[in-house]
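Think of it as A, B, C, D and E in the order they're written, each chain with its own count starting at 1.
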Amino acid sequence: MPSYAWSALSVAVVVIFWQMASTWLVDPMFLPAPLAVLNGAGQMLAEGTLTQSILVSMMRILSGWFLGSAIAIPIGLAVGVSPVARHLVDPFIHFFRFVPAIALVTLFIIWFGVGEMSKIILIAYATAFIVMVNTASGVSSISQDKLNAARCLGANERQVFFKVMIPASLPSIYVGMRLALASSFLVIAAAEMLAADAGLGYIIWTSRLYFQVDWMFAAIIALGLLGFATDRLWRLLGRTLLKRYLRGVTGY
Amino acid sequence: MPSYAWSALSVAVVVIFWQMASTWLVDPMFLPAPLAVLNGAGQMLAEGTLTQSILVSMMRILSGWFLGSAIAIPIGLAVGVSPVARHLVDPFIHFFRFVPAIALVTLFIIWFGVGEMSKIILIAYATAFIVMVNTASGVSSISQDKLNAARCLGANERQVFFKVMIPASLPSIYVGMRLALASSFLVIAAAEMLAADAGLGYIIWTSRLYFQVDWMFAAIIALGLLGFATDRLWRLLGRTLLKRYLRGVTGY
Amino acid sequence: QTLEPVRFGVDAYTTGSQIWVAKEKGFFEKEGIDAQITTFATGVEAIDALLIGRADMAVGLDFPIVSRIQGGKLTVLAGIFHSKPGFHKLVVSNDIKDAKDLVGKKIGIATGTAQHLITMKYLEENGIAEDKVEIVGFTSLLEIVASLRSGRIDAAFTWADGTEKSTDGGDHYVLTDDAAAKRNSSAYIAAQTEFTEKHPELTVATLRALNAASQFIATNKDEAAALIAKNTRAPRDTVRDLLNYNEFALALTDYERAGFKEVADFLAKTKAQPVSFETGVNPKFLKEAAPDLVKLGN
Amino acid sequence: MTNNQTSAATPGAAIPAVVFDKVGMAYPGQKAGSELILADLSVAVEQGEFFVLVGPSGSGKSTLLKIVAGTEKQTEGRVLANGETIAGPDRRRGMVFQSIEEPLFQWLTVAENIGFGPSVAGKPRAECLEMAQRYVDLVGLRGHEQKFPHELSGGMKQRVQIARTLAAQPELILFDEPFAALDALTRRVLQKELTRIWRETGCTMVYVTHDIREAVLLGQRVAVMSRGPRANITRIYDIDLPYPRDDLDSRFADAVKAIEGDIEREAASQWEQN
Amino acid sequence: MTNNQTSAATPGAAIPAVVFDKVGMAYPGQKAGSELILADLSVAVEQGEFFVLVGPSGSGKSTLLKIVAGTEKQTEGRVLANGETIAGPDRRRGMVFQSIEEPLFQWLTVAENIGFGPSVAGKPRAECLEMAQRYVDLVGLRGHEQKFPHELSGGMKQRVQIARTLAAQPELILFDEPFAALDALTRRVLQKELTRIWRETGCTMVYVTHDIREAVLLGQRVAVMSRGPRANITRIYDIDLPYPRDDLDSRFADAVKAIEGDIEREAASQWEQN
């Protein structure tokens, strides 16, 4: 039995179970049947809401994810490399990574306005810490033998950093970004609480408010599927372009 | 200069900067000065609200975190070990890890009621996926030589699993739980949206309603400090009790 | 005599004031009711809890309640409070002198609340088409005030102490209030339909207790404010102010009917099944508990 | 001493311990179109035999051992152990890996690593400890029992692996250059111990080494592999000398010289290219 | 041939390449109260010398090399390279590590690993490629240039590390059992190449091996280390034979025998315990 057949099988089983649950177990008012959700999605597609929301949300998620990673990787590297940097920055990393983004929404609006910027930065905020922590642990667990080998071969500290530390910590950065991708998706709901008029998170909020459970589920499923697809793309990238750096971590 | 001195220095600089910012740069209505926050915290301490909220929230966070990990670790191990398990479960892992907990609040209330249970499960939900993904990647990157060595020494598959795979993937589980700890803290705000009358998340919500920004910041800072402390405890645990398993990953 | 349990879902705001007061002052007990109160962040969660059977009665603003009536699972028993005209104030930046200056400006709304509808009606009343202004949606008053004060939006209806907070910087002033929007908005108490059918007397008893609480609030605002503040952890002065701005009384009148209809019409755009005051509200219980509070014309 | 060409499954009473029948091998990750590592390789190792394999670096000796151990799978031909196809690694076939770091359990002490085999065999704790200590002493690691692998020198790690494999008491032991990192005396002592264990337990040994003197000292037969790709066993020497062997014996020296000559011819082609 | 006791910094015109002055060493992670690995060790290696170090497994040879390389720091005494204290690893002191897996860059091909030194020295790309190819050929890895480390056999990995260190052209090279995993011929070829490079470039070599014949074949002086803990250099043999050396020469055999005797005495104490 080929591998995707197992996956197809289990997805089918769960969808059937879902259908049964919404028929007999749970009030379909709260768990609409798969067909109802499909129907809701169809409505939204026809109106163009769904496509637009997907585009808008994906743009925000991916920008925030990239921005967050772009900020986090250098900090994580610095913290992993230099004990002084670590002691300077560490208290903040391990403080702010526990502070919910939602609590900072007000400040973000004041600083970055009510446009796209504050949403993207909110997402970047939520993703940056995972990437930072993973990068720093990656750097600090590079085998000393490898670093020393490079130094004995004449690499100066800059070269050790760029030619050994970065390639050797790519697996951790990669896995960190993969985990952080989920965070980006998760905070889109919070980010689109503020000053949004489109997006999947926005749909989730307004349908909650107006009790359009089928729309809400359609948006949730769209989020899940987009996340799944992005994750697969990221894995594909790891297995092709970055293969030589990531041998061993793309197994899962 | 001892290491903690650097940390103390940078914390002091940031607090001073914060004081200056709230005096001159940002409207103190939204960024109250450190002293005002301290004052707010003092009020809440005097009333007993703060202590109680901390206890209640920490109980929820830690229970959810443990529960989530307890569910995630076996699944992660199974997925890492068995290709069939992986193909059966993988689509759901990489689907649900992108679905915001907030979207499932209603379903959680239906299934688990309005008591502690649904909050703890919400937190467990948010933390489980990080632990799951990390555990599975940890298992699948254990060197084949190590597993084969165990088999050649006569270990059956059960023994390979318990005596080699689990110890060898402990570093990944440990790091996964460390990252997930942040998620538990982050969703406490969402979890305490539902049916709470105490807790730091609840304080954040209600103080927003009533413009008690100093209270809100006191709760945020309490969250950050508690997270920081828990993280340090977790690291201490890794460096003492689990030291033999975690050599190399507790560097950061 | 044993007390009958009734489970209430309330939000962390003053929406459920009478419930707190009735509990604290023993009005529930007098009616033979053991009130079990659960607080939620907003009315949405409270009403959802009701729908799924985790609460017997819940209070909520018109929006979440009206949008959840269609299944027939919940029955609105009465309006529990409505804001007095002037509760919402239109705060604008100093350069806006007139309603027509709003054209092309950013206006903040609290999506899905009474304020949302008030804003829309106000624009309509002043002949400003929706696409002539930029509507920015928020989920809480704090963000609206913060956006006003930091110049991220130009105007918004604010309420409660948000008004003072937005204007005390000197860059904004109150242009007008919601009287100009000519809109009625209320909060309701709703019950599970099944509960009302099974325990009609208990339902009526509850309304009686809440009515007693309303009267207590009307006459003892200071004490009531203290009781509410204690239970919601809100600052006492804020609550005291809120009690002034709002009318805490059970009622089913044409005022409620008009407000209900506005929301229903608004929602009709998005809902498959239209809802109406007649299908969603059952005045029977309030009539029985306090006949003079039901004043519905034809 | 006779030289005879390699041949599959010599007919006899006992089933051979290992049979390679026209085996070809390519690693899964190898570039498509690249040549086989092993090609058309046939050989049989008898029950209780001490079989030594020598050959140029990179020819495929480790690959061959891994196929027997069951950790890699041949891509062509059949491999049988005790007459059965090899399904995977298994307690009957122990292996001392060439890699000296990875196969150790870095979370276990020296004594715990060595006691792993007895402990998974379900032996009582006291017996495991006692066995671990016996093998710790055997490889000269007394005093280092409580160290963790990262605190050991290269040679000490290698000895832990040897002791660990012996302590598991398999029927067949595969050694991949086990003494490469050891000093001459330690090596000598362990060679003697190995011969003793082999004779006492009657287990089968398949032993890879680069040290031809060691090969002749230990092996009943010494097989020479050709340089890869498409490596094969070109020749098998029967060493008909009694144990314990004396390296001053002229027949010993002759055997060493003959085998060295063979390998040199094999390896030389490598250097001629340049 | 003369035997002389070890002595620090022999007075002479040139500053010695390496001086150990009463060096003591304990690893940072060692249990408090456990004994020093090296104790009171003094020795000097002259500029351009080929210095070989032999000794029982676990005595502290790798530790000594790591101190010279600057990757570990002694805890007592002074260590000077070219008269300066050693601040850390440095391009002037190359090292072939005993560990054959970790020091390779697993994301670089064989050719890229070998070209690492020239490329960080800022040599133009064409020259790096050309140098890499030269050293690939030197160690007999032609045809494997595009493989990644995980696709190599043990001996091939070791050769990549040797080639890589040579290609960086350091002034002093530290070899930690570089040929342990190589077959006899490859080893012989590389020994010859190493001697040639040493004589042509005049660089200093500090070489650890377990193969006493190799020690005598290569070294101008062969130092014998005592068994640890508190290991020290007990004796240094001057090998006054001309290069290329002939291992059939009786003086060669005598030197080998003398050194072997020494090590055996050292290592034997280990086995007497049991």
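We take it that contacts are C-beta pairs under 8 Å (C-beta built on N, C-alpha and C of every residue); 3 or more make two chains touch, one makes a residue touch a chain.
Per UniProt, the chains are A, B = NitT/TauT family transport system permease protein; D, E = NitT/TauT family transport system ATP-binding protein.
Here the structure is a predicted model, which means the values were calculated and not measured.
For the pair chain C and chain E, chains touching both partners: A.
Graph distance from chain B to chain D, where chains that touch are one step apart, equals 1. Chain D and chain E have centres, each the mean of its CA atoms, that are 28 Å apart. Chain B and chain E have Cα centroids separated by 49 Å. For chain A, residues that reach two or more other chains under the stated contact definition are 27, 30, 106, 110, 208. Touching two or more other chains at once are residues 99, 102 of chain D. Among the residues of chain C, those in touch with two or more other chains are 48, 52, 142, 146, 149-150. A list of each chain pair in contact follows: A-B, A-C, A-E, B-C, B-D, D-E.
Those residues of chain A that touch chain E in the shared complex are 143-146, 148-156, 159, 163-164, 167-168, 170, 244-245, 247.
By the touch rule above, chain E contacts chain A in their complex via residues 69-71, 88-91, 93-95, 97, 99, 102-108, 116-117, 120-121, 148, 150, 164-165, 168, 170.
On the side of chain C, the complex with chain A involves touching residues 44, 48, 51-52, 63-64, 67-68, 70-71, 73, 106, 111-112, 135-139, 142-143, 146-147, 149-150, 152-153, 267, 270-271.
Chain E makes touch with chain D in their complex at residues 27, 29-30, 54-60, 62, 98-99, 101-102, 137, 140, 142, 144, 151-156, 159, 176-177, 180-187, 189, 210-212, 260, 263-264, 267-268, 270-271, 273-274.
Only residues 3-4, 6-7, 9-11, 14, 26-27, 30-31, 79-80, 83-84, 86-92, 94-104, 106-107, 110, 126, 129-130, 133-134, 136-137, 139-141, 175, 178-179, 181-183, 185-190, 201, 204, 208, 213, 216, 219-220, 223-228, 231-232, 248-249, 251-252 of chain B touch chain A when the two sit together in their complex.
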